[in-house]
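Shown below is the structure under consideration.
For clarity, chains are labelled A, B and C in written order, and residue numbers in each chain start from 1.
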Amino acid sequence: MDERILLHMKSISKSFPGVKALKGVDLEVKKGEVHALMGENGAGKSTLIKVLTGVHIEDEGEIYFEDKQIFTNTTLQAQKCGISTIYQELDLIPELSICENIFLGREIMKKGIIDWKATQKRAKEILDDMGIDVEVTSILSSQSTAIQQMVSIARAISINARLVVMDEPTSSLDDKEVRVLFEVIKKLKAQNISVIFISHRLDEIFEICDAITILKDGERVGYSLIKDITKLELVSKMIGKDASQIISRKKSYNKDKMSNENIIVTKNIVRDPKVKGIDIEVKKGEVLGLAGLLGSGRTELARLIFGADLPQGGELYINGKKEKFNLPKDAIKKGMGFCPEDRKIEGIIPNMSVKENITLAILPRLTKMGIVSRKEQEKIVNKFIQALKIKTPHMNQAVKNLSGGNQQKVILARWMCMNPELLILDEPTRGIDVGAKKEILDLIEQLASDNISVLMISSEIEELMHACDRIAVIRDGKKVGELYAEEIGEEAIMNSIAEGHQSFA
Amino acid sequence: MEATKKMTTSTNQTIDWKLFFNKYATPVLLVILISFNVVFTPNFANINTMWNILIQMTTILLTALGMTLVIASGGIDISVGSVMAISSIISAKSLGLGVLPAILVGLLVAAVCGLFIGLIIAKFKIQPIIVTLPMMIGIRGIAQVTNDSQLLNFDSPAYSFIGTYKFAGNIPVQVLIMIIAVAVVYFISNKMAFGRYVQAMGDNYRASRLTGINTFLVIIGIYVISSALAGFAGIIETARLSAADANAIGKLMELDAIAAVAVGGTPMTGGRPNVIGTVFGVLIIQIITVAVNMNNIPYTYSLVVKAIVIILALWARRNK
Amino acid sequence: MNIVELAVRKVKAFDFKKFFKDEGALITFIILFLFATFKYEQFFTVLNFKNVLRQVSMLGFVAIGMTFVILIGGIDLSVGSTLAVAGVVAAKVCSYGVAVSIIIPILIGIVFGLINGILVTKLKIVPFIATLATMLAIRGIAYIATGELSVGANSASESFIQLGRGFVFGIPIPAILFILAIIVAILISKKTRFGRHVYAVGGNEDASRMMGLKVDAIKMAVYALSGALSAFAGVILASRLGAGQPVAGDGWELTAIAATVIGGTLIVGGVGKFSGTFFGVLIIGLIQNMFNMQGNLNVWWQNILMGAILLGVVVAQSQTGKVSKA
């Protein structure tokens, strides 16, 4: 490896309305280095990458590439500088051939028409060099994700990229395919091409990367060579205690209060590739936490229970009765509610009012002959605006104009007014400021004391420790540990996430 | 503190102007259009002209009301003109059964068309425009086959009543029909759970599904309502003319209806159905047609004017 | 070379299922052709073939343009109106010679197409609504320019009249031009940068932009091309009828969309081929021809059948999972 610096991003800051996504972040990548970029949801890594690749423009800071200052204001400019990105959602044209995808926009021409023979030959050469044997004339979408990713990398090589950014390249690959990808990454290194590698799988980071930058809450909280850091150190830096908000451990586990009644039981539930057979029970009136890194399968598990996605196998019992997995509306009838991870895409109805958003799920109970009772509706809405302290000028305000925390409360209110038996909360405090976070955690406690079960997913360990009676740890689509309240400790959870120990289950 | 305060007020002002424009562009346009015609079009400010406009706009209004729900849900229905035709000809053909049964049969046929369209859209999850295009061609074909594409004249004063009766010798029955239709669709959109679901699905389909809305049934309901209203429009037109012509009736109606909804301010990508806006939109479209006619300008100029109005209306709202 | 081999999906030597899916239009055409041959005596005659070919060739030009537009993920409803204006203009200027009466209408078609392109790319109005508006406006222009009357091409030169009515080696000239146009379109779609970029934009617009394709320029060019081809169809129609009619091309946008979709082009863009459109056009011509020969069946059955076929094709396409909306 070359000791010279290829990329230096200097104190990059970027704000979005209401959020400071990056607060003076530095990133240094050496030539021929595989550099891991880690951090939980909302830590700022995708914003940093988007600044680098020209999707966003930084508010402050400078980017140096091969010792020259560069300005990547569009993705094209970044590409011309030699920075290519392999996205999670592959940015290729699925219905065109492999060789065409590699050369699109830079077709090899002969006498004004495309020289397909030369194109195919060049494409074959590049892929051969990578060690990938595939028919270059086949349609991209007919090939596996792994091959498609290789094509993406081949395209980067063909435009002489000096730096390839790989955004969670392994998230949809199987073990075998990951091996091939790593071989290709090694070949890139041999050609002195640098790689920024984003992944949530620790083993992979430790296998393939040379150095690591860790982000948390828009700041760089760690930089190290891989050989100088342990997995536990890494996990604690990523999700470790934030000095600014120490939340004390909640009540102790109360076995008397806890009934043995299971609201939800899943048995060996499967949906490829993220959920590989998980057994879980949620007891009446308990808060069960799902811990695990992003991409571990925790969100996918929650969606399967709610019927948002259909599983490929396994059994689901609700209140002891075996149920078929159906649509969300069936889960709601059985007394479930679901606050999704991405509020904007799956939660709020942006142009509808606070009132309409809160009452959307409960409408069938508020209507007579299909007509919505205005009085009852406003009674409920007023009650929940007060109970949850939703800050809105009035109930007819469009919900898109509220802050993230208040939007989240609106969605919570939507389910709470249904008197549910089980609420599934996926990252309920994501993108919410500290004060509102506390309020939402208090609400969760309130729910449990009202004998409502909660299944809560969070990337923040303190949060889980604060709120949960029990925590199940998910790793690579499997449950690798379960901790009861008295065992819940930061280190135990992080150990479980990092190593998958089952000793304390 | 002082500075922040100042800033907020000033931004509020600019937003207010924008809001004003977004919100009231259609009524303002209508007022301008009417004032212009009162001054320049001979006999425009005349009670008979008004009745004429009202009679002529009935069919567009009925179809546009249904289209408002369809577009609010994020869809589009270009088969409404053909549904008018099939409802018209089948209703006229069933006059032998009696007047009321004939009307009901016409409505039923239209509703069945809507049921079929909705089923295909909901079941196969195909873009509505692609489903309603073949329906538009096919349903018109069936309408034409029904009476060998011949004009079907009939003499039934009772049937013609719903197209020609005038209250107090002056006020056309259509006015009452329109008021009821607008009230009903307004009520559905704003007071009923169904209206909420339509809007929610148009605004954020995925979130709607996760909130437990039965999207399958709502989609079917939307297209049944749209088709039934179109069918009703066809029946009224048939009653007014005392004749059913499957070739002509409802031709290009889908365009006028879509234009009226677009001008009226219902977002073309789905969202809150603006029923009152649609009424204004229909008035604008109809006044353009009538004014062009009264000024002895060939009807065809109105096509150009309509096109410009549609583009302007969408352009004015594009940054919303 | 590798420690592990990736599972590569090889292309089978001959995949019957794939062939059936890809060549659906051709197969449907053959079936219809055989059916017509056995059913109708007058069908398998040179005269009939000549007539059918001449009939469909004008629709063919419009359908080629429509295929380009649908491939980039758009739609163009203004084609019929453009055709009418072009025909009227061709009839009005035909005394200046055949070149003028072809070039000027085509230029006008390009201008209309560019207007569509601007509405779609710059004003960001959805193609359906944008071209709906221009469809109305351009039809209005056709009526206004003619006072709603047909314009006779009385002073037309012989070569102008031959354009629509003549034969070369016994084949109608419009048919020859249509076949040439299809060949050129196939070449463009397979061999040129522009052609491939059309597929890329329709396949994934955002990715195309990221890859540095000039998406807006490509869209403008495609709408202009659609305008030009519709205009050319209008010129030939005027030549054949010896008059430019302001009502010409009414409803052709739907028939052209139908021919394109029957030909296997996915309505959401990105996938399709011009040989498919060729057979799509022939299928429509064949259906019309069969209805004519049937005689005892009302011609309106044709529309019912057309609607049913189109609906069937669209539903079948949706089963491949590419036409879904959400």
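Convention: contacts are C-beta pairs under 8 Å (C-beta built on N, C-alpha and C of every residue); 3 or more make two chains touch, one makes a residue touch a chain.
Given the structure is predicted, the values throughout are model-derived calculations rather than measurements.
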May I ask you to sort the chain touch graph into line, ring, star, complete or other? complete
When the contacting C-beta pairs are counted for A-C and for B-C, which pair yields the higher total? B-C
What is the distance in Å between the mean C-alpha positions of chain A and chain C? 45
Using mean C-alpha positions as chain centres, tell me how far chain B is from chain C in Å, no decimals. 31
What positions in chain B touch 2 or more of the other chains? 206
Would you pick out the residues of chain A that each touch at least 2 other chains? none
Enumerate the contact residues on chain B facing chain A in the complex. 191-194, 196-197, 199-200, 203-204, 206-214, 271-272
Would you pull the chain A residues touching chain C in the complex into a rising list? 75-76, 79, 91-96, 100, 104-105, 107, 109, 112-114, 116, 131-135, 137-138, 142-144, 146-147, 150, 176-177, 179-180, 183
In the complex, chain A touches chain B at residues 306, 308, 327-329, 331-333, 338, 340, 345-352, 356, 360-361, 363-364, 366-367, 370-372, 374, 414
Taking the touch rule as given, give the residues of chain C at its contact with chain A in the complex, in rising order. 1-11, 187, 191-193, 196-197, 199-200, 203-204, 206-213, 270-271
Interfacial residue positions of chain C with respect to chain B in the complex: 119, 123-126, 128-130, 132-137, 139-144, 147-148, 254, 257-258, 267-268, 298, 300-311, 314-315, 318-319, 323-326
